[in-house]
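The two complexes that follow have subunit A in common; it is paired with subunit B in the first and with subunit C in the second.
For the complex of A and B:
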């Protein structure tokens, strides 16, 4: 019974923890501009993150080693350093977006300017990372993030024309205000939002933190294979709300307030209160994960002592890295840069950096020295190879499309 | 030339005002949205200012766009004042009418201009 409860809790946490500021913003932007036409990208992206997390979770459980220890070992110090720099930069960019997201959500609740919330949010993130136990931190943020289900409730209450939404998703209806280049630019952004590298660093390092063994493979697989797809459904609800309320009125989402407004219209002030709570929980949870992921990446690569299972004094450089990353995030945000803009860039650059971590994990998941008899099967390798091609195409096309579309403007 | 941004800003301000009036959205959310719409109008105006007309036709277009953007900016400012409820501020109802008029003007103008992108 206790085991089933642990699996259920893990799944709920995975659902609630799936959505972050990148998913909130990108799905709403896409819904407001393309309706449900890019729903297929969410499906592809969720499939990819399931595959990636499942492989890295398996590697962590069997070998007891996390992503960046393996990357350094497999790629060597030089290529590994280039990989580390790119991955940490993307993770810090995502952390900046998440801290900005917390501040924006608190602004919606309080009316107080986000600039005043930014240091408070970053301090709270640090305090939780410093003081709170890993499992409590992970479960509370994930469970509170589940309140984002209110997007689904609001969508039903809005009473959209389901046939229209279905035909947008399946028949790729035309978008007179858009060009094919912006369509593909946002397809990559949505893919990057679903397959953010930090999620995998966090997932695999979390496996080491929680001392996973071979016995935990079933639980880890259930969390990924059930939790992430249901999290993807939340993403589709966000896009559906924007497609129903904002697309017909010609409002292109460029602010968090516009992302949550459809919930207020569908589910009233109670719905609004719940969705703001959900956004704070989702962005706060993701800020914890990205902050930790930056620390994990640097510490694992350099062979420093790391992890929340150790007292901070025993993993001083790991904690110092997190503090420095949070300070960088705060300083960037205090320049007055729009957190939504940072988010939009972070999801695209996530797509650019994705092959750097996907490929080593794919190689190691096939190496019996690391995973023993639990190497990828033929079918899994076939699917993983298809994804490798998709990931490479997205990574190569992202920057040219960004330039050609002026970042989707 | 910033018309699309202005359409989006006016649209956002209209929904914010309507949902606040209907009691769906809180005043804080509506005010935030209208303020953001104001910021977006500044960006739309910058885009229009950066546009360099090459002939008489584009000069006329730019004049029409500048006029419409100015009207939209005023409509959003009035919406902000209506929400704040300062003495002498327009009512929510008249601010909504003004936004609707501005949205119609922008739609007409967008139809006359070349395809947006």
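For the complex of A and C:
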């Protein structure tokens, strides 16, 4: 019984933890401009994160090695350093966006302007990383993040024309205001939002934090294979809400208030209160994950002591890294830059950095020294190789498309 | 993975590139202390054939000597060569495990410095998270 509870808890946490500011913003933007016609990208992206997250989790459970130790070991100094620099920059950028997201959500709740919330939010994130046990931290943020299900409730209450949404998703209706270039630009943004590299850094390091062994493989696989797809469904609800309310009115999403507007219309004041709670929980949870991930990446790459299962004094440089990253995030936000803009760029840059992160995971998941008898099967390798090609194409196309479309304008 | 050459003497055959360089090094308490950036070998004279009777011996692992020389060539200054004697190695697997605490190697000084000067001074820094 206790085991099933643990599995259920893990799945719930994975669902709630899946959505972050990148998913919230990108799905709403895409829904308001393209309806559901990019839903297939969410499906492809979730498939990819499931594949590679469970591989990195398996490697962590059996060998005790987290993703960035493997990146250093397999890619060597040159490609490894390139990946480290790119990954840490993107992770800090995502952290900045998440802290900004917390501030924006708290502004919606309180009316106090976000500049005042930013230092408070960042300090709270640091305090949790400094003092709260890993498992409690992960479960509380994940469970509270589940309240984002209210996007689904609101969608049903809005009573959209389901046939329309379906035909948008399946028949690729044309969008008079858009060009094929912006379509593909947002396809890559959505793909980057679903597959952000920090998720595998966090997932595999979390496996080491929670001292997974071979016995936990089933649990970790269930978390990924059930939790992430359901998290992807949440993403589709967000897009669906935007497609129903914002698309017909020609409203472009450039603020968090527009992301949650459909919920307020569909589910009223109560719905709005719940969705704000959900957004705070999701962005706060993701801020914890990205802050830790920046520390994990740098510490694992350099061979420093790391982890929340140690006292801070026993993982000094790891904690110092997190503090420095949070300070950078606050300083960037205090310039008055729009967190939504930071988010939009961070998901596209994520797509650029994907290949160097996912290739070493695939290689090591085939190495018996790391995973013993649990090496990838042929089918898994075949599908993963197809994904690597998709990832590579997205990475190469991302920057040219960003320039050609003036970042999707 | 290319086939490793067969050896007459029984034991673990290690490929320096594959199994040693860039591997994580753990101390006897499983605490990471660094990555292997180099291996020092004794018994090779420049320009001379190797003598099969007195084969070269690995003396030290060099940890965290910086990635710059490895990327662009050259040799790191002597002060950056944090050596760990080969005799301290107790096991080589997915990580290289040592039989001694990390504090006995000078490669951990930056970690100790940050701990004593910064992290341990922040309230709660010496307590386990709850």
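The rule is simple: the second predicted complex is superposed on the first by the 409 of 409 C-alpha atoms of A that agree within 3 Å, B and C clash if a C-alpha of one lies under 4 Å from a C-alpha of the other, contacts with A are read in each partner's own complex, and residues count from 1 in each chain.
Simple rule for what comes next: contacts are C-beta pairs under 8 Å (C-beta built on N, C-alpha and C of every residue); 3 or more make two chains touch, one makes a residue touch a chain.
On a predicted model such as this, the values are computed, not experimentally measured, just so you know.
Contacts of A:58 after superposition on the shared chain: neither subunit B nor subunit C is touched. Residue by residue along subunit A, subunit B and subunit C are tallied for touches, and C comes out ahead.
Shared-chain residue A:311: touches subunit C; no touch with subunit B.
When the two structures are aligned on the shared chain, A:131 is found in touch with subunit C, with no touch to subunit B.
Using the contact criterion defined above for the overlaid structures, shared-chain residue A:81 touches subunit C, although it does not reach subunit B.
In the superposition on chain A, contact is made by A:261 with subunit B only, not with subunit C. With both structures placed on the common chain, the touch criterion links A:272 to subunit B but leaves subunit C unconnected.
Counting contacts by the rule stated earlier, no residue of subunit A appears in both its interface with subunit B and its interface with subunit C. Across the interface of their complex, subunit B is touched by residues 107-111, 177-179, 182, 245-246, 249-252, 254-255, 257-258, 260-261, 264-265, 268-269, 272, 409 of subunit A. Of all the residues in subunit C, the ones that touch subunit A in their complex are 1, 21-25, 31-35, 63-64, 67, 70-71, 93-95, 102, 110-112, 114-115, 118-120, 122, 124-130.
In the complex of the two chains, the subunit B residues touching subunit A come out as 4-5, 7-8, 11-12, 14-16, 19, 23-26, 28-29, 31-33, 36, 40, 116-117. Those residues of subunit A lying in contact with subunit C across their complex are 63-65, 69, 72-73, 76-78, 80-81, 130-134, 299-306, 308, 310-314, 316-317, 319-320, 367, 369-370.
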